[in-house]
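You will see subunit A twice below: alongside subunit B first, and alongside subunit C after that.
Our next item is the complex of A and B:
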């Protein structure tokens, strides 16, 4: 046993998969320690806040400030507030004024503003330009001048129905992030409900792995029992078990799942129930392959010897057959876990997953991201990490499986 | 020959039994859903009508049309009788279209999408897997992890990633539907062009995932065969390498052919999610909308198609294997 384990850990593939899987498990355990709280709590109002660090504007105005004179601060400020439409409009103005813009780069804010200062003349009304457009350019010019001159902002508080100036903010005032009372980093933004995606993702990974484990245990137990009985006993029992197996193979699993989903109602549909149902519909291939392995074993000499010695059926199966297929069963279990996680994701995407308000799962996160069309409105953080995590879990499990396969089947070795 | 007759006789007996059980389950399971679709149709059509008697009449009229007023077993025999003639009744959700009409307009899309995708994925995957097993070294070191990773990307994940990258950002292909939404299916150059451009993303999302799985499977089968005693013996005899490789890959192909047949059999259910994500007008999307609207005549019919396809494929495989590989048959009689 010790030797086998040592051998297993010498397989680079198994170790690779194992490391990825353990890393995921550790993140799942350690991350909540640093960032405790309910993963389903709605942090942001509104959907899909972008990833990044959020600084409380209120607290920032209250915090003591330092004066920094940074050379490129003005330019950055103007660049950030100059929208793409404004840039296009400026270029349009230059063309109507008949100015050579062949060397102008609209992304180069400095050059653009320089040209604007040189050429804009509010008193000239270009031919054919509507007065709405003329006024637009006037407003644009005013706001550009304001931005550059660095107007002072006044913070006023309301006292007895009057506004009383409490603070002035100039363009050179800076606040250290540490001095602001409330700074929140959302590394993966928020989802459609306004939940912290990273926190939810970590918790969902845990639930999904648990679902995979439950589904894997259920499926492997049923498959193993049926496979052992069908393969060893044979005859009518074999035919009957294969008949049941065939029925479960040909009826799409999700038809059974829909029925169970409807009949138990959404109230009862927790993660454990969904996991059990996935296990109940996913055992067929394990039964088939265990059966074929057992068939090749049942006429071995040591089995016949046990039979002649009058050992009971259960004892023969447990001591003479099971140890020979144990490695195979472990591998089948690993595959069942990974397909259970996938099955949950697919079910949830059809809207048949566990109850949304109770637990987050990877499939539910995916489902809601799709329902709120995160994929078409550019909110990559709501779905891409989910796909990546599902892929990584399944990849690590399969890599471990391939490694085990090479250890136990020497003919497959490189 | 007597052995074969007994073998096939037994196989056929159990398959017929499985088929009957599957038909019964396909019929009963969706109908056990507690929703009453007839009531929802009545509600839709009688909308605003406050005359209770008139509403009740409409309800009864629909019950009669859908046959839901009969007891379950009579409904079943009626269902079987009609199903043999290819008539699966009327759809609830797309009333008054018939189920057969809906399915016949959807199944073409599914087959046209899936069959080429499965075949291309299978061919490319096996080719890469065989090459990796034969060349080994650097090629294998790169190919194996990449294909293992690819095969573990969930189908919907691959679909979404392709959709976002090529459909939303690069805008090289449309993101939804089987053809441009402002077109009516007809035979013209514009329509064919539209169909082909809509075809790209769902097609490649299926192909990419299946390439990975096939390559991994073919690679390990080929390595297994390359290490077999007969290969060493043939090398020892001095048989040309090319000839040995031919033998090896023919043997390694056998389980891969099974995989191909099974994936063709399960193709309707297999790419359900890819079809839903791209709103492709195939059977997968049809089944999804049937499930969400509790349209059980449509659910029964679509699941029956899947069931029959899977049954036929497994049956044929069993028969063919009985001929190709006598060990399989022998195992049954031990």
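Our next item is the complex of A and C:
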């Protein structure tokens, strides 16, 4: 046993897969210690907040400020409100309105702003201009008004219905993030419900791995039992079990899975139930391959000896057959776990997964990201990390499987 | 040799495949500059062109959204959700009540003609109503209880209201609805269909309006007619002989020669087509619609430049099922759940900001338009209104009502068992699904277990229209948005007893709520014309509604969504835009997809870009 484990850990493929898998498991355990709380809690009002560090504006105005004179600060401020495209669009507007722009230098921000101020009239709707364009100029105008405002902002508080000045802020005032009472980093932003994606992802990974494990155990147990019985006992029992197995093989497993989960109804569909259903539909190939392995084993000498000694069926199977196919079963189990995780993701994508309000799973995260068009509106953080995690789990499990295969399968041994 | 044959076979296969592919694409090609493309209305092959039938899915030609859709068949009047007025379509702008509101008279436009060239007359209106009553189609079952008969000759029509025991009209408001929501069918054609089906009501209702060769048999009055339809698309072509180009109506033909609608697999597919400029007008809920122009700089716009982007007249509502004992017994429970729901999250996350908040339009029976908001006394009910997310208040209500968590499992009990409810809406209705999640979250905060199954739409429809169902405890559905009979009609749906116990109930009061007092108040409204009295009645009803909470509105929503791409066409309705009528008056054009009610005026004002 010790030797086998040593052998296994000498396989670079197995070790690679094992390290990735353990890293994922460790993240799952350690991350919640640093960021505790309910992963389903909605932290942001509004969908898909971008990843980044959020500084409380309220607290920032209260924090003590330092004066920094940075050479490119003004330039950046202008660029944030007025892009190169905006400048071109402004010139277009002047042309449409028939204004002489021969002396205008578009890089001269002050001159451009002055001209805009003199000529832009939000109430005029030039003939033939689309609503989209009209609206664009209105928005641009608003953002230009911000640019024009002076170097000082006044913060005022409302006291008895009157505004009382509490602070003045100038363009050179800076606040250290550490000095602000409330700063929240959302490394992967928020999803459509306003939940912290990273926190949800970590929790969902746990649930998905659990679903994979339950599905793997169920499928392997059923497949193993059927395979052992069919292969060893043979005869009518073999025919009967293979008949059932063949039926299950012919019906596309995923269709069966959809039908069963659908008929269960969502109230009953917890993570464990979904996992069991996945296991119940995925055992057939384990049964078939275990059976063929057992058939090649059952006429070996040591098995015949056991039979002659009058050992019971169960004892023969457990002591003379199972140990010889154990390595194969472990590999099959790993593949079952991996396909269980994928099956949950697929099911949830179709809206047949566990309930959204109960647990986060990788598939549910993808489902809601898709329902709220994260893929078309550029909110990559809502689905890409999920895909990456699914890929990594499945990759690491398959890598471990290949590593084991190389160790145990004589035809593949170096 | 073998290789040569194999190669020849392969080449032949590729060729034949590409030929069929081209042939399939080549059958209907529309010039882009003459076609207005839609999305979000038609989701499957059109099954019927019969304006007096039922089980229609012909969303472009025979459906109502923000008023009746009139591109092919027409109504007598067009409803304008912006100014709450009726504008003449087939009829002149001369409808008038007699003094006791028992008779309504109007005349049909002299110019109004059927596609076969014959005049539209009073006989067509009469026959449309009569056949409706006889075969119990939508027109018959909706207006039969309110209209006694329709009379008339030539171009003048009189509608006689049904009277109650006191000799008053049952509901004159519903007769105004008839004017704008009933598509008029030709009397001669109705007779033909009647004979062809031997007067069998079911057969007439299911007649698809096509002859054996699949050609359209139904005469129409509208500016467009069927050009092509299959399971991929439906196309309408302009009828250049349309009567409406007469000076008494539009004075010209609508701008697009074709109106086309492809069947998209889902909202995402439709949104992508809109982004790419393959769709001009989209009636789809698009999450974060502003990203299309703010982030991606696409030439896409909505009616309002800023949130809520559209005119929200709909009130998607969560209904409590009174067949569930704990719900029926405890108004406190109903109110507590409603108070604990985080409506800001629903607005910001489910609707992505495309709804006025409950601070902007406080909770009542009214939609957020100024006209309806003025119809009740805001101060009188201010103490009863809630803005949501009030977990402490909700918990206090439940504690006071005696619904306590005695066994410490985190859930409150009723008769010794934990209260476990369902909050249900159809699968795939994204914003509703997300709203139901918020209701479930609210339940979790106040110790009520709420689960959120999403059945398929067919299942959902069958269950929630069943007056005896106990499967759904809380379920979502929208009452009427905007018609001449509103807000009365909507309030009646919230609390009216007419619908209690009705089988296959599509009409209202889906939660089976019974309140005699509210019902009595409701019965007074249709015949009340004094505005102060009306306001008082609506205020009393609002008080009852907010105290008893038989249902609670989750968000405000447009009757139809309206997002346009201006790559090809422009001059769509925008905030404050008007249509110049034949007599020179300017009328606000509602953003009802250029097809519904008075919104169809937009089709006459469209221009090509550049």
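Please note the rule applied: the second predicted complex is superposed on the first by the 337 of 414 C-alpha atoms of A that agree within 3 Å, B and C clash if a C-alpha of one lies under 4 Å from a C-alpha of the other, contacts with A are read in each partner's own complex, and residues count from 1 in each chain.
By our rule, contacts are C-beta pairs under 8 Å (C-beta built on N, C-alpha and C of every residue); 3 or more make two chains touch, one makes a residue touch a chain.
Predicted, not measured: the structure shown is a model, and the values here were computed from it.
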Of subunit C and subunit B, partner touching more subunit A residues: B
Touched partner set for A:405, first subunit B, second subunit C, both or neither: first
Which superposed partner A:357 touches (first subunit B, second subunit C, both, neither): second
Partner chain(s) touched by A:19 [first = subunit B, second = subunit C, both, neither]: neither
First (subunit B), second (subunit C), both or neither touched by A:378: both
First (subunit B), second (subunit C), both or neither touched by A:70: neither
Partner chain in contact with A:138 - subunit B first, subunit C second, else both or neither: second
Touching both subunit B and subunit C, residues of subunit A: 351, 370, 376, 378
Touching residues (chain side subunit A, partner subunit C) in the complex: 40, 42, 45-48, 85, 128, 130-136, 138-139, 192-194, 265-267, 351, 355-357, 368, 370-373, 376-378
Parts of subunit A lying in touch with subunit B, wherever the complex brings them together: 234, 239, 242-243, 246-247, 249-252, 254-256, 258-259, 262-263, 292, 295-296, 298-299, 338, 342, 345-346, 349-351, 366, 370, 375-376, 378, 380, 383-384, 387, 390-391, 394-395, 398-399, 402, 405, 409, 411-412, 414
Residue ranges of subunit B touching subunit A (in the complex, touch as defined): 10, 14-15, 17-18, 21-22, 25-26, 29-30, 32-35, 136, 140, 145, 148-149, 151-157, 160-161, 163-164, 168, 175, 216, 220, 223-224, 227-228, 269, 272-273, 276-277, 288, 291-292, 299, 303, 306-307, 310-311, 314, 331, 334
Subunit A-facing residues of subunit C, complex: 267-268, 271-272, 275, 286-288, 291, 293-301, 305, 342, 344-345, 348-349, 352-353, 422, 427-428, 430, 433-434, 437, 440-441, 444, 450-454, 564, 566, 570, 572, 574, 607, 609-610
